[in-house]
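Presented sequentially are two complexes of subunit A, the first with subunit B as partner and the second with subunit C.
Presenting the complex of A and B:
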């Protein structure tokens, strides 16, 4: 005998989708909201507690229009904290699935694919934590070209695909290859000592960001990236090649990536780069990855100072 | 009747594969020799360096120079041929990017000599031999070219008009370039010849883009039975195709072997090895950070794999030697 759930309300619809089952366990304590980085950093109206309440109260249209439905990146910081152990991101994903089926679209601007550059290699399809890109075939001069396209409702704009795309065919505003490299020596005549690629999500406090920005330009140049998954080892080498003494990549602690796995991706890339630098008998300490936890307020200053002191040392010794 | 254009071919630090690719033109070489005079080709014809020295400056119309710059003889001939040629084409991976000989830049010259002259398994015993510039023999003093401490690309030491990648450049592309050159149809100086747009993946027919695919272990081609239809990366095999310029016609892929990167970085890529680390690094299965090192350890030689043909042209090479 099979069980069939009678679907009478919107809450029933949400619960019928795998991941949505635990909706009604929520007693609206709001712990999720206190943990949520989106609410703190970008969207004050972002509120998982409220979205779950809207679903329970059958306010379908409000739920579909809520930024919470579209902006959750499944970092699961709230899941770890929820006293009811609700996998909140999965409930939100269930609401989002219904919203997409009902014809609603994400308010976020997805990454874009340049068809002239894309070769259909499929790297983006494999690396995306959200399975947003897919390959399709398009006729071009009588031939079938294999190209990548991005599902705008799935893309969370982490930039992992931008960093991995071999041909620079994927762009996300602010962090295309030229937008990144133009921020250091390839264009600027006076290079800083250190270039710091900083994940937009790794520093919890505004105070940390302004602390970082307080270093003089000739010491630390900050390049903001959406996630360390965006890192391209080419850029680290280009920075050193242009006369910058060190590269610091600041991301999030394992388990705390805002985009599921971008911090792991960065770790893999930097580890590979380190291995190659070692093989080349070059100093691998001048390219450093630090992973800062959400609770580690103020650590960024310690990391930057530590790196600056090692970079200054040889110069002073020569003087 | 106007004089036929004069062609020269030379090999520096190379294996001879680039010479073989020219002979693979077969009967088409006869057409070439009808339209042009081959005035220097040490691998195939009896010419001496003095023949080149005796030529007037810019007497050669096109010089195809293969091989990397490894010693003083390579360098001297590069400068001499540049002086005598109107157009200098850097031919093949070694001349273009340092190629396989460029991998020697991973080591210092003494450890290379130790390997070659002291510890190679086929040596009975080491006599501590090292190449000497001058050696006194009963017949008189003999000279050897000086071995340099790094392998360089041709364009590092002299002006190059065109680049033609490949290890070796494939014969169809060679023919196209020959035809264009003899008809005076070459593009703007500095162009890369005998290539196609985009990368090797663009022309690879295999099934690609498995959503959320993760590499759990790197394997080498001889360790697995390879699926002919699937992207090598999704079989745990490192393929340099994503970062490598198209143009080869994919003979390796058709032979069920991954791309090894000999056509050099595709358009828009500044450092082929670092870009491969970026593309392939992002595929590594990292749900358990503890296992990362275990997975990375299954890749035996990252620099030699990602920079197989391009090490001497890489940013790391610049960092080491400048």
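Presenting the complex of A and C:
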């Protein structure tokens, strides 16, 4: 007697891929959709529940074309919340695998590698949470050059590799090195001025975003980044050097990073930076990392106010 | 409750725990612990003067800790019987209560727990249910956000005898809430916590919403739900009424609640499934409809009463469809939510049914049972031969009908025995037999069926309730299967003794089928599990003997699976057909000594005349045991 699964439908195909087994347990409660921030922040058509439904109903082409298939960054917040314990990101990954096999490609623009600058060091390969970059060899002027290339279907555009590349060879539109540094040119230090690197996903609620935006431009300068993994310690130092008093890096709580482990990378970078500032006998309180959880509504205001008051304090003492 | 307490033939024992239940239907001996109240029941008149003077305040469990009570207290003013008790854990021994009680002299600090034994004819278990604690679901913030409360707490706040005299207020600022959300399925239908549906929460949340809306029509009420389940009469109409009253229903399970720290208002994040869009709404107060769970001491109760529990922890009924009120132990019945989450009408119906089932026992002089019970031959029990009973029979019995006292031989409480035969097959000394299914009877059947050309025969052992029915269905449906099948019926797969199978192979049977119910369908609670364990063991033994695969087969076939019965037998026939006659003969001859060796270990396997004698002994034994009962 054989017990092998008969693959008759698209749903069977998805279920035959490891991770996709529990597809049909979904009873459409919608927890995953509201837990995920992509629909609110980026793409109104993003809906994991509906993708599962498309797969169950064998609507193959629609599933392959759905933005959900391509935009899920496998943060697994929905998996933790799912009452049916369906590993939703794995189901989506299974659909994506089938889509790639069927010749569909990701609508997202991946990061780009500048072949002239790339030294083939492989740091991007180590740091990427999605295994998107890989090294290959290319003939250049008679020599074999080791270069990095990025798989467009795997890249989720978190920018962690951009922040990690020692040569600045990787760029992602919107947050390339020049685009970030140009936002805080040299200023005359007349005011406690704070630059806040804010991860797009850390402030869940619109109310929090508008709270942050309510600070006047000459007090708090906001730089939006896709993930705190993108920050570059050099940017913080350049900001301090150009007359800004403090740097605040705002990211997600451990375990809630939208890009798996970008916030962990950021934490490592900031603690190294702190150690460096201490060695240089500079005030390490002026660079801070805050990690905000999904339920910590309003915390950003306390953090910014606290930082501004510490920045103000020595000034008053001098005056 | 007051009526019940006044009824002369109802004896209400408050503050009393059941310690031990012994005996059987009609003759239970129940040991009760009457806990010390430190107030003499026959003197206390319930005036409450002791509570007035008591200086100690502790949270009142009855009010879900939303209000205080004194150390001298009754949980609520409608308590029955209205007798105060002193909570010694909180008492500071100021003895002000003694003074206040005055000449009544009802307070006695020296009182101790009393153990009483009662003769009981039938037992109705109505221990109710408990609630899932939603504080483990961090996403809803219960316990951290003051205005997230459970619906049970809301019931207390909304009750005119409750701590706020029926004025529903927000715990954070004591304002009346204007925007209220109910969240259904908190903890229930959730594989991480309670996988099952709690049955009554949909109607319960609609009831609460309608109640609040009636009291104050300006209140804005939203119910978040996954599915609304309104299965009973009039329920759907009630749901319609709630919609007409302007109560909002949003299909979507909230994934997160956040709080504004300044106002303590709450923001509920969910998907509106019909729109396919994420929504965030602001509320003054959120009420969680938690899952119903078994009482925390349900496990303890189930071991005291010797009744089984279903996978969720609820008490398990004898049969979900045919005997939903009876426990597997005769004379013990279930009423209400201790057997599974239930709403009030179902609980009342089950309570009435349990009472009438119980009165059937109380009103009858004699209690008739099936004549297929097990009996012990005490001379053979290891207690007699080796000085100590092995206890395998006790483990095998799903009904607790086998008892071993000290170093005496095992005894069957005939009134508790349902005749599955598990103990009979498990007994390594063949000291237990089952009337009408004795070893001798079954062995002579096997011998008769395998008398002629045994190597061509397939011996099928079938249980009465399922696989025998399956075989029957295969016949009445005219499914064709091999004519070499020879069937034997026993009550349960637990009765299928290894000896029978060894004997069949010793006689040269071609193949043997070991079949019974699917695990969840077993008529004898765990009989199938006992049978299945034995079958797996046998399978391994035959594998080690290098018996051809398929000559011994274990299959679970329900009474509806006639086609499966026919298919399995045909497949077994195929196995035999694939072997050449010489090959089969050679294997049978090779294994015969092995089987004989195994059968020699047992004193059983009597010849037919011997068996007749044996059965006479048994009849004597059962007559004797009946006299005792």
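The working rule: the second predicted complex is superposed on the first by the 309 of 319 C-alpha atoms of A that agree within 3 Å, B and C clash if a C-alpha of one lies under 4 Å from a C-alpha of the other, contacts with A are read in each partner's own complex, and residues count from 1 in each chain.
Here is the rule we use: a residue touches a chain if its C-beta (ideal position, glycine included) is under 8 Å from a C-beta of that chain, and two chains touch if they have at least 3 such contacts.
What you are looking at is a predicted structure, and each value in this text was computed from that prediction instead of being measured.
When both complexes are overlaid on chain A, the residue A:59 reaches neither subunit B nor subunit C. Taking subunit B and subunit C in turn and counting the residues of subunit A each one touches, the greater count comes from B.
When both complexes are overlaid on chain A, the residue A:279 reaches subunit B alone and has no touch with subunit C. When the two structures are aligned on the shared chain, A:39 is found in touch with subunit C, with no touch to subunit B. Of the two partner chains placed by the overlay, only subunit C lies in contact with A:85; subunit B stays clear of it.
In the superposed pair of complexes, A:119 makes contact with subunit B only, with no contact to subunit C. Overlap of the subunit B and subunit C interfaces on subunit A comprises no residues.
By the touch criterion given at the top, residues 105-106, 108, 198-199, 201-202, 208-214, 231, 233-234, 241-243, 266-271, 273-284, 286-287, 289, 292-293, 296, 299, 301-304, 306-307, 315-320 of subunit B touch subunit A in their complex. For subunit A in complex with subunit B, the residues that touch the partner chain are 117, 119-129, 131, 133-135, 146, 148, 160, 163-168, 177, 229, 231-234, 236-238, 240-241, 254, 261, 264-265, 267-269, 271-273, 275-277, 279-282.
Contacts from subunit A toward subunit C in the complex involve residues 27-35, 39-40, 44, 47, 49-50, 81, 83-85, 204-205, 294-295, 297-298.
The touching residues of subunit C, when paired with subunit A in their complex, are 138-139, 141, 185, 189-192, 226-227, 251-262, 267, 269-273, 276-280.
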